[in-house]
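Several structures are given next for inspection.
In the two complexes that follow, subunit A is the common piece, with subunit B as its partner first and subunit C second.
And now, the complex of A and B:
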């Protein structure tokens, strides 16, 4: 796979009139996922230059058993106010952070996990 | 709209947690005199002035070659007029003051205790913690909200250790390490202390830790106590760490060694100032309550030593010898003056 072009972390700043979405873009490499949380046109591909980067998400726990997430809450607020859509994984994270109400999918996952634990024991 | 409100709520609750901590400390002060807050004393203008005077600005030491990785400039020789010279001196003074800015002495920080919200329906949503950092541009490190979602479903503010780690991860400071450097561990510390590398330890601690970090407090305390025990005050004199060290010794009422050293090196004015500082910070002690009638520095020190010092005999003897030495010096100085025929008084007497 060719090396991904890393865009400017503040984004390209080129704003189109189309509707926007806040979603994850996969960076990192094979077997090591790492996501940027970006604002981008809904219909654009994942590898396309984003309008703005508003955070990162590292799904692999570090040595202290933590998953690190960072958000630029000020900009996220701005884009949501402008009517940007929020994708489910991002809404999930924002719900866990206490920024949005907890997403139903998180509750479902929790419930399923509890059920499997019960079954195993 | 909703998000706006929730984020506002988050921020407000965060500030409330901090203010709760503050309330806690303020109640602590009244009940527990040993754990009172040093910050209002340390930042008091008079006390700052005292500490600055005690530091004694020595240009040779302030502008010595520092092994801090910066490239050194070769010295320049210039012809200057008087005004230009005055200006250059002032610039040097300003730079020296910057070098001598004291690291603050504040109370140890307290962990935020209350969780933000508990959601039992989120039990087992994941097996690990999630740490959410706010990377909004232009916030100060203390204002940044950093929250943790536990696997059990509790949302809480991050502990200070986690906070420091996150801030260093996302907004790194130069020269600060993510993990505590090995040199602050006990065995390496002992070795460094035995080699008298006090300034190195203190500088590195300043870079690595926040001033209210319990680790910073422990390290500085250890270094100060070691210096006090070994009486190597001269190593720190005229560096930025001398003021905090004096403050620490005064705060713990342990100034005898420092006083002894000051008298030994003929810094009687400094010694008197040290005792005045002690009275300012401990206004209820014996020597502060019983006013001294003498205005002379030596008598003032005597007054303190008689009432409070644990090493009375030693310091009194030293003061006596100092007095005698001073008298002899006066006699010698007078003799020299007479020999030169300068002294006007003696001339009058002779007439």
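And now, the complex of A and C:
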């Protein structure tokens, strides 16, 4: 049987003494990724119960060609102040949102895209 | 290959359908699949189990290493260095903010604030209570009046009922008194007997369709005809 998550996706609120990470948890289905931005123990699996959900990320562009993302900045700030690590994709998104400095990966992606466009044209 | 991960029944079904652990995912079965079970739900989830070796087609595959040009490498290094510096200072800043927020919590101040808040809330509560008390008084007065009216009406109805009952009983008593003249008592029982003996009324009569009276006789004459006897016997039975 599929290991269906039986926990609350918005977070259990159970805080362990281990180091935390703010990272993505995949909640989509096949060929349709959808992510929750969650605070969870660094060593816990993707599908394990998170401590808290601090945002949502939909990587597939919608009808207006937008990739939607939402953050709970207050809670993210709280967790970063507590020493939570921020994973690279989340740091990337937060950089684009203007909360953190723009991540180098964003720049890299941008110049790579530019190069492919130049090549194609 | 160890298959102790699967239950006995699942292994059995796997053997019957002739599939292995790899192809099980595409058949809609899973570890907890039980044949003839009343409720099974099959959702595509299964991936290659971790204990299976590298696929035969992938054994000699060598993944390509990405080639990063020197310019990009230098640029990325610079960017990452900047980013890391920025992040350290940012983290320090956020921690400082948190610390400041933490030190701001003073017990006496908090207590005073809570007290003030409580007073304000209490005042509002009292106001609401007074307002509601007025409404309640009006409502209760109305309710009392209504109840009084209902009780009075019920009393009135009861009295009317009693009066009606009295009248009815009086009528009955009158009727019985009027009738009581014709009653046979111990005093006039002899006269009544005598009258009965003198005026014998014979009820043993019958009227036919044409209006002729047939006087009956007592004791009744038994039927002599033989043809009707068995019928009479049958009727008796």
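We take it that the second predicted complex is superposed on the first by the 114 of 121 C-alpha atoms of A that agree within 3 Å, B and C clash if a C-alpha of one lies under 4 Å from a C-alpha of the other, contacts with A are read in each partner's own complex, and residues count from 1 in each chain.
Everything that follows uses one rule, which is that contacts are C-beta pairs under 8 Å (C-beta built on N, C-alpha and C of every residue); 3 or more make two chains touch, one makes a residue touch a chain.
Fair warning: this is a prediction, and the values are worked out from it, not measured in the lab.
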Q.
In the overlaid three-chain picture, which partner chain does A:70 touch, first (subunit B) or second (subunit C), both, or neither?
A. first
Q: Quick one: classify A:30 as touching subunit B (first), subunit C (second), both or neither.
A: second
Q.
Under the stated touch criterion, which partner chain does A:61 make contact with: subunit B (first), subunit C (second), both, or neither?
A. first
Q: Once the structures are superposed on A, label A:101 by its partner contacts, choosing first (subunit B), second (subunit C), both or neither.
A: both
Q. Touching A:81 in the superposition: subunit B (first), subunit C (second), both, neither?
A. both
(Q) As a test of reading the superposition: which chain, subunit B or subunit C, is in touch with more residues of subunit A? (A) B
Q) Residue overlap on subunit A between the subunit B contact set and the subunit C contact set? A) 77, 80-81, 100-101, 107, 111
Q | Touching residues (chain side subunit A, partner subunit B) in the complex | A | 55, 61, 64-77, 80-81, 93-94, 96-102, 106-107, 109-111, 113-114, 117
Q | Complex contacts: residues of subunit B adjacent to subunit A | A | 1-4, 6-7, 10, 116-117, 119, 121-126, 128-137, 147-149, 153, 155, 162, 165-166, 169-170
Q. Which residues of subunit C touch subunit A in the complex?
A. 30-32, 41, 43-45, 72, 75-76, 79-80, 82-83, 86-87, 90-91, 94-95, 97-98
Q: Please name which positions on subunit A make contact with subunit C in the complex.
A: 1-3, 30, 77-78, 80-82, 100-101, 103-104, 107-108, 111
